[in-house]
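The same chain A turns up in both complexes below, where it pairs with chain B and then with chain C.
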Partner chain A sequence: MALQSSMRWRYLKEGLFFGLVRLSAFVITAALGGLLFYIIFNGLGAISWDFLTLAPTDSMTKGGIMPAILGTVYLTLGAIAIALPLGIVSAIYLTEYARQGPLVRVIRIGVNCLAGVPSIVFGLFGLGLFVVFLQFGSCILSGALTLGILILPTIIGASEEALKGVPQTFREASLALGVSKWQTIYRIVLPSALPGILTGSILGIGRAAGETAPIMFTAAAFFTAKLPSSIFDEVMALPFHVYVLATAGTHIEATRPIQFGTVLVLVGLVLVVDLIAIIIRSTIRKRKRW
Partner chain B sequence: MEDNRVIKTKDVNFYYGKFRALTDISMDFEKNRVTALIGPSGCGKSTLLRLLNRMNDLIDGTRVEGEVLFEGMNIYDPDVDPVEIRRRIGMVFQKPNPFPKSIFNNITYGPRLAGLSDRVELEALAEQSLKQAVLWDEVKDILGQSAMMLSGGQQQRLCIARALAMKPDVLLMDEPTSALDPISTAKIEELIQDLKRQYTIIIVTHNMQQAARISDRTGFFYIGKLIEYSATEKIFTRPDIKQTEDYITGRFG
Partner chain C sequence: MTRRLKEIIIKRIFFLFACVSILILGLIVAFLFREGIPIFRIVSVRDFLLGGEWYPTFDPPAFGIWPLIVGSFIVTFLSTFIAVPLGVLSAVYISEVAPRPMKEILKPLIELLAGIPSVVLGFFGMVVLAPWLQDTFDLPTGLNIVNASLMLAVMAIPTISSIAEDALYAVPREFKEASYALGATKSETILKVIIPSALSGISTAVILGMARAIGETMVVLMVAGGAAAIPESLFDSVRPMPASIAAEMGEAPFRSEHYHALFATGIVLFLLTLAFNLIADYVSHKFRETGSGTL
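On to the complex of A and B.
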């Protein structure tokens, strides 16, 4: 009898615990789902072919957001193009070449701190270095560089984890065949780590596309109907456009649908880019199985 | 006078940081012979093996004293390129470690990066290496498939074939059968017997029957020291030193 009641108590505890775990999973999903639903519900009405392909008109209360979409695409791609190679190379240095010691520890702490720096600080840094000091001006290049630095820690961190995840036996097998260290990294280690590195860059893409503060002073224009013709042109960008419409516009209430529509486009854009990265990742994974 | 000794170590000491893993090892390894290194776990036999093709270089904080002479040249000389050494002294590891590539690409990976690019030559080399490793008949129709699909024993023979494709002079084997079943083990032991006609083989093993079966000479290690080194037959029948006898008869270990 005593045994039975103690078992019952255990089952009760187990049930309670599982309930809590399920609840937290549900809360997280619900929060995300709610957010998406809210955006879609409010923004879907604004979406139309014209909205996606035309420039804003009538003091940005009508028309589309084409320049902002293009601007965000350019800025995000630019940031990835800058941060991905730099981040991967840094991670290779940190995991494969650098002697593990105080120096590497300091670098690693530095990278982690960089990840925690508020994005407005990156914005000011970009303004100081790229816009003013290097005289690039407020343009795609400055914005992409600033966003690139912003997502660098994410990419370094993910790349390091991915490189560390490659079995040591692969490196040994290759080196024991009289293959040089660089060739071993290039031919064996990097291909095996690529899926993990791509996961990191997916996170980076999301962040680069969505950040407002870093591009506010470095790349984003309040309004420009003309599409950029070079990397030294200022562009509109989706997050900044929302910010502008919601805080500084002349008809804040009247442009609510446009704001939601813009947010929806931004979320959709990030989703599409993520999807592409995920597809690339899974094809690589299928090819390289161990 | 022809020197039969391919590798000689002279008073080799090896340190992991402050820990001395090997003490005053002086040992000769003869050409076309199988030399077995035996001893309890942590006795330094694998460390010594990895010292012979500079694989210990990969570990931070290690230090070597003394000389390791390969054909009369000290491989720890600052001018010596470890990559070149590893091409001449191949290695097979404890756990089969094929690359996540096709069987063909596993074999040709090393030679290709060493500069061989002719497709016909590469194919001939792959066939020859796989035949040497007695794997050809099992894989000749599936060369394009992933090496990861092979069984453990096949993978290990693939790793041997991969090492042989570099045409090394010496083959180091670090407990090559410890992760394999008895049938695969028997195949690999047979293979080692064939290979010694062309190669010098140094093998670390925990399995004393294996050492007795396949080796010509055996070295017994204990706590970083070479306790006894002589003909395998002698070691296993009338060892000079009590510790050796105790170990091979299973009285300690």
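On to the complex of A and C.
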């Protein structure tokens, strides 16, 4: 009898535990689903060809968001152009050249710590170094450099992962043929790791496009009358535009549709970019030849 | 010989590039201190950290960031309290319970959740959660600790979940099999064998989740309410450090006391997250999962 009730208690616990575990997964899915549904439902009405291709008018209560879209594209492309070469070369050194030792450990800790630096601190750093010390002023260049540094650890991590995934036998076969180490890396290892590196960089693009705090003091403007003509011009950017419209406008309630529209464009942009990365990655995994 | 020389040069150059991360970290420290230290000519470090009044634009101004520090910690702890059970349990679901197709859907889904820009979560908190909280609990404002913590939890969950899942996945199969062989149920195996073996990885996940929450700016800037005072209830407004920096830097005159004080707040924030990251690094290396060979 006692045995039976203890068995029943165990079954009950089993059910309870699995219920809880499933519930937590469900809550997260529902949160994401609810959020996306709400944004799409409220934002879709604002989206039109004019909204995407015109500049804001009537002190940002009407018109479109084209300058903000363009600004985000510029900043993001600039950031990736800075972070990609740096990140790939760092990762090659760490995986292909470096011997395990205190020095490599220090570099790795450095990369980890850099990944953990708050985005607002990157903003302060960009302000202190690029805007003030190097006197670039608040502009595309300062913002792109700041964002580039922000996504550097992401790129390094992804590239390292991809390089480690290339089988050791590839390297050995190449070296056995008398090919030098650098040529082995350049001709054999890098091409094999390229799709993985690409995935990481695309995720970096998504991250850079959505960040607000690092560009607040380094690149973003409330409103610019004309489009930027050089990398030393201030730009509007989608995330900053959302923040400005939602908090600083004089007609916050009246511009809600524009706000939802901007949020939808931003979320759409970032999620599509992330989704492309995820799809590329799963395709590589399925097609892997080794 | 030239080939060898070329190889050596390439290696050296690559090494220099790899050091760029360290260099940047050094530059961050240098520039935060360069712009932040001057404030300590006006207030002592002790008064700056523990001073209870933050009135940077008053005459005379008061630069005490204690209410800001308290605000940061309260929203961080409350959001961790919400995010840890959800993050860890969902990791358990993905790694131990979910059927394969479900896993294939859930993992990218959590990645997408991680990709949602923080300004969007802030916006959602302002427009949806704040009015709802205000009406439901009959509050003067919906922009408060609870709101900020909930939105921060949404940010921290993907971090916690994905790192915890890696840790659970790394637990050797033999552990599980031995537990089943002894007649343990699946939930007993998970709770008493798998989770304890993955504990260092899960702790790392929690610490990094907290680091993410304490440094997050847009959410606390938009939904924490912005009152620089020690809160008395969870429905009070607070002004966490990142919110204060982001909100005030635009108005602070260049190289004024206020400007230096905001950089000094940045130093405090940077050192805090650095500590979190170093602890996480230490935990994940020191208490590395015991493999079957080490038992």
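Here is the rule we use: the second predicted complex is superposed on the first by the 244 of 290 C-alpha atoms of A that agree within 3 Å, B and C clash if a C-alpha of one lies under 4 Å from a C-alpha of the other, contacts with A are read in each partner's own complex, and residues count from 1 in each chain.
Keep in mind that, in the parts below, a residue touches a chain if its C-beta (ideal position, glycine included) is under 8 Å from a C-beta of that chain, and two chains touch if they have at least 3 such contacts.
Here the structure is a predicted model, which is why all the values come from computation and not from measurement.
Engineer: Return first, second, both or neither, reflecting whether A:179 touches chain B, chain C, both chains, or no partner chain.
Structural biologist: Once the two structures are laid over each other on A, A:179 reaches chain B alone.
Engineer: Between chain B and chain C, whom does A:107 touch in the aligned arrangement: first, second, both, or neither?
Structural biologist: In the superposition, A:107 touches chain C alone.
Engineer: Is it chain B or chain C that touches the larger share of residues in chain A?
Structural biologist: C
Engineer: Name the contact category of A:206: first (chain B only), second (chain C only), both, or neither.
Structural biologist: The second partner, chain C, only.
Engineer: What is the contact status of A:170 with respect to chain B (first) and chain C (second): first, second, both, or neither?
Structural biologist: A:170 sits against chain B, while chain C stays out of touch.
Engineer: One more residue to check, A:13. First (chain B), second (chain C), both or neither?
Structural biologist: second
Engineer: So in the superposed three-chain picture, is A:192 touching just chain B, just chain C, both, or none of them (first/second/both/neither)?
Structural biologist: In the superposition, A:192 touches chain B alone.
Engineer: Which partner does A:121 contact after superposing on A: first (chain B), second (chain C), both, neither?
Structural biologist: So A:121 only meets chain C here.
Engineer: Common interface residues of chain A with chain B and chain C?
Structural biologist: Correct list for chain A: 180.
Engineer: Hey, which residues of chain A end up touching chain B in the complex?
Structural biologist: 99-100, 167, 169-180, 183, 187-188, 192, 288-290
Engineer: Along chain A, where are the residues that touch chain C in the complex?
Structural biologist: These residues of chain A touch chain C: 10, 13-14, 17-18, 20-25, 27-29, 31-32, 35, 38-39, 86, 89-90, 92-94, 97-98, 106-107, 109-125, 127-129, 132-133, 149, 152-153, 156, 180-182, 203, 206-207, 209-213, 216-217, 239-240, 242-243, 246-247, 256, 259, 263, 266-267, 270-271, 274-275, 278, 282.
Engineer: Where on chain B is chain A touching in the complex?
Structural biologist: 53, 55, 58, 60, 83-88, 90-91, 93, 95, 97-100, 109-110, 113-114, 146, 148, 159, 162-163, 166
Engineer: Considering only the defined contacts, which chain C positions touch chain A in the complex?
Structural biologist: For chain C paired with chain A, touching residues are 3, 6-7, 10-11, 14-15, 17-22, 24-25, 27-28, 31-32, 34-35, 85-86, 89-90, 92-94, 97-98, 106, 108-113, 115-124, 126-128, 154, 157, 161, 185-188, 190-191, 208, 211, 214-218, 221-222, 242, 245-246, 249-250, 254, 262-263, 266, 269-270, 273-274, 276-278, 280-281.
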